[in-house]
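By written order: A, B, C and D. Residues from 1 in each chain.
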Amino acid sequence: MSTQYPNWHWIFEWSTSGTIHAHAVKSVYVAGRTKYQSYLIAEFEDLGKALVIDGKMQSSLSDEYVYHESLVQPPLLAHGSPRTVLILGGGEGATAREALKFRTVEKVVMVDIDGEIVEACKKYLPEWHKGAFNNPKLKVVIDDAEKYIRETNERFDVIIADLVDPQEGGPAWRLYTKEFYELVKSRLAEGGVFVTQATSPTLTPKVFATIYSTLKATFRHVLPYTAYVRSFEGVWSFIMASDARDLQAFKELSDVDSRLQALGVADNRFYDSETHRSMFSLPKPIRNLLASAREISTLSNPVYIPA
Amino acid sequence: MSTQYPNWHWIFEWSTSGTIHAHAVKSVYVAGRTKYQSYLIAEFEDLGKALVIDGKMQSSLSDEYVYHESLVQPPLLAHGSPRTVLILGGGEGATAREALKFRTVEKVVMVDIDGEIVEACKKYLPEWHKGAFNNPKLKVVIDDAEKYIRETNERFDVIIADLVDPQEGGPAWRLYTKEFYELVKSRLAEGGVFVTQATSPTLTPKVFATIYSTLKATFRHVLPYTAYVRSFEGVWSFIMASDARDLQAFKELSDVDSRLQALGVADNRFYDSETHRSMFSLPKPIRNLLASAREISTLSNPVYIPA
Amino acid sequence: MSTQYPNWHWIFEWSTSGTIHAHAVKSVYVAGRTKYQSYLIAEFEDLGKALVIDGKMQSSLSDEYVYHESLVQPPLLAHGSPRTVLILGGGEGATAREALKFRTVEKVVMVDIDGEIVEACKKYLPEWHKGAFNNPKLKVVIDDAEKYIRETNERFDVIIADLVDPQEGGPAWRLYTKEFYELVKSRLAEGGVFVTQATSPTLTPKVFATIYSTLKATFRHVLPYTAYVRSFEGVWSFIMASDARDLQAFKELSDVDSRLQALGVADNRFYDSETHRSMFSLPKPIRNLLASAREISTLSNPVYIPA
Amino acid sequence: MSTQYPNWHWIFEWSTSGTIHAHAVKSVYVAGRTKYQSYLIAEFEDLGKALVIDGKMQSSLSDEYVYHESLVQPPLLAHGSPRTVLILGGGEGATAREALKFRTVEKVVMVDIDGEIVEACKKYLPEWHKGAFNNPKLKVVIDDAEKYIRETNERFDVIIADLVDPQEGGPAWRLYTKEFYELVKSRLAEGGVFVTQATSPTLTPKVFATIYSTLKATFRHVLPYTAYVRSFEGVWSFIMASDARDLQAFKELSDVDSRLQALGVADNRFYDSETHRSMFSLPKPIRNLLASAREISTLSNPVYIPA
């Protein structure tokens, strides 16, 4: 096979109608269309193996740890002694993997709407879940997250929203609204912490800002943070929220390393004390954006990712 | 699923370094990398199901009949009473299907180097082969075409080169050289006719012209013709060659319909008397190109598709 | 400057939402946005200098003669002794250039809505107009074609619609409707012939077929023909229409060369007797498409190019 | 004009052969090819006005301040009382603009090889230079930076390398080698600080790491830092180097705001105390990359951006 020809198999991630992040596919593991979504697990030239859903890169082998450590570890650390964790979405199993690293954690419930994608992840993404699906502490529920959370009697120390972006017509936009956040809040145990991925503050600033102000209208303490994720070709954001925990104090934490160690979290590839400082120090333009954020996403007036 | 988003899964066919024909994939049937080539069978938004090899569209359900009727029927008709046919390449099985339409045909040998792709075509492209692989008149040989033709004792009435383009480092460039054409000529039965796909006279004119002059240096009669193939986003060319048959007379034929009927060829979707006129009437720029063609492709100085 | 990097400046021509023809720009002559349209005159790697309007390749130096000879010469030849010609659109000046080749032509009126683009063509496309804008037989009117044709008292031997495609919201879609064709017919002199570019029969078959059936509902004789235009990456169509001229007889013409000579048309690069045969012999799928064409484009139910 | 069509005018920034960042052009201000480089100043849908050189986004109105404040202010602040500044490259004039913000600065020399691009920036990028080109403290020299620095007798408090990436065959790759850094070091005044843009630690980690280790082999103190730049679709890096200044202490600075104020730098849009913390706290993967960096770029074995 000659290698002098430019690549011919591409995924276009449309950040906006005017920006495309295109990634060359080297080979395809599996591709399909479920009841809810279109998906592709492929080997990419620059990212290695990766999962794409509806044209959005979900995570790649090259840096899934950046995304998953960032999403999971700060809220569990902010809680301090989490025993029960609820994951909304999280199909790859890597979010569960991160939660299970904490020695205090006794039970993780993962609710994902798309059983077909969860099965594909189990089979094709062992480097992600690393056996988490076989961990007796993990309970996987294939169901609509909104329905599950409405009906459950349980309360959780930490709830993690690891969802696809709020795309119009997609399966997750309802899970970024004030109505849903109220529901989440009611299912947190005392001292509980919620976290959600919050899209990109630089690629889709309006969506990020709206998620922030919607959470701010729901919870007493709200703390946004960011990490650059190469697979997403952008800075990614996460927002923690809690009525009970003083997240501002958490932001200033300087002993992340020893606290992680105390909780049994070892072998981190991304999150540590200095990374913590980089994640929680927001550049001025993002602070300005948040300071002026006003819009609230509701079921009747939801925020959507731009098409 | 919302449909307002631009397509995200694309195949780039690089016609040249400055022209890309990009096709949106709707779903993937199968994709793989064989010892020789990379392939993809997918459903495309505009073309329907299609086979792509090394980034080159081979044929699509929307118009594979244009390509295959054009490649096969004129040389068999020019021969007049073909009994034996040798196909070099032709993995989809549609070239064999077309040859088997002729009631005089008793035996078709198809030699394709890539058994894995032939198996994929058998399984995923039934609309192409339409059972030809089960026809007792067809013998499939998985081998290098050059080796096969060198070693065979058989002679054939018609030999059809249905090969990928002469890509540097690819599996087929040797099969477009003078040395190979001499070999082919020696394996034609008396009155035999050879035909080859000859790339696009408009997208890769130099390659087309070189194949033409190489054949002209080998055979007494040479007749180029063309058909527009939407899947290739261009005019495609074919060149017949024969020492025995007066192909110029064949060009002027006005009773193609009745001759096809006499040979038992029915249900054509593309080739008929008026289509014949359109295929064999070459626009002036192509005639000029051929009139000035001089380069001969040889093993030591082969012609390649531009990268 | 290294040349090993893939091209970075591209024009995407969206044939459909699932097919892109992308062309690499080497340098930009001029680019702008008029009251009506966006335009770019650039040097392309494969096509040479070319004019792009609203993302649609209008013509390139590499083969503008294919398009312009095809559009203009057949209707003037079919008329036989054209003295007056009306061009609707035709900003590059090459349509006028072709009409002025006929020694019988005494007057050409060209009506183009976009004066800014006409000026850019005058300045940057001398290889197209070749001085036609200075020919005293040519009168250029900057106006809406529909308004002009409604208000003129003149009658023309040949009317040529050299317009951008019928894009929704664009400046030309009204000029492909039955109402407009009735208007055109009323402005033809006795024995007059109309011709329009009719989009691509293979890329936008529905639009082509609708233009055909709309013309058929308006004129006694209608004759479609095609030419492959590399710059458009497809087969292009033209449709002649006339109440007076028997276009079927014209189709069968075998002495195009001598007729062109008699009318003073020399130095053709595309159109001649054999090219005529290739243009007017339609492959079976296009004939089938036309045979089943039924839809009529009207102001209240117009046909649009797919977005 | 309808807006429902996807964008058609694109710039492909090839990060690697497997990753494209594509940006839609809305209109073109000017485009050309100089003796050294190809350039384009255009209005982009997402980035606003921007300068592209050889297919690489140089800076855009949407966030040029991120890049230019990051490149210039930390080294001037680290110096403490800079009077003379030498800028290598810096055609847009925004690097000079930032240096001139410091009240201690008496003289800025900017040496750019490409006079044609500097003129285009003066004319089309007033939002960048904001009149800096008319500031009597600025002296612009059109010359090769290497030649200039070799021949000058002057010494500078701060030297800033604001150059295009080290592209093979491009005009700047020599300016990332150990030989050049030795030359730079010899032209620093006592207490002087050097800074260079250092490509992206995430998109081209090997190049970033090599620049780092090359500087480390030349200077006593070396301090890398980063900022996410949307226009580059990635995290960008800068590296300061000095024999005299203790850059580790600078990294830990908590009173950036008051120090900037003392030096007369007001109205910053990006750089302040918290942004400083985000820039100088490197995530673990980047720290690991730097810890294992070994390669030195030299004239005989230079580092190049991947093609």
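The rule we apply is simple: contacts are C-beta pairs under 8 Å (C-beta built on N, C-alpha and C of every residue); 3 or more make two chains touch, one makes a residue touch a chain.
From a predicted model like this one, the values you see are computed outputs, not experimental measurements.
Of all chains, D has its CA centroid at the greatest distance from the CA centroid of subunit B. Subunit B and subunit C, compared by their mean Cα positions, are separated by 33 Å.
In this assembly, the C-alpha centroid of subunit B lies 54 Å from the C-alpha centroid of subunit D. Our note on geometry: subunit C versus subunit D, Cα centroid distance of 50 Å, whole angstroms.
In subunit D, 6-7, 10, 17 are the positions where the chain touches two or more neighbouring chains simultaneously.
Under the contact rule stated at the top, the pairs of chains that touch are A-B, A-D, B-C, C-D. Of all the residues in subunit C, the ones that touch subunit D in their complex are 1-2, 4-14, 17, 27-28, 31-33, 36-38, 40, 52, 54-55, 167-170, 307. The touching residues of subunit B, counted against subunit C in their complex, run 6-7, 10, 15-24, 44-46, 63, 66, 202-203, 227-228, 230, 233-235, 268-272, 274-275, 277-279, 281-285, 287.
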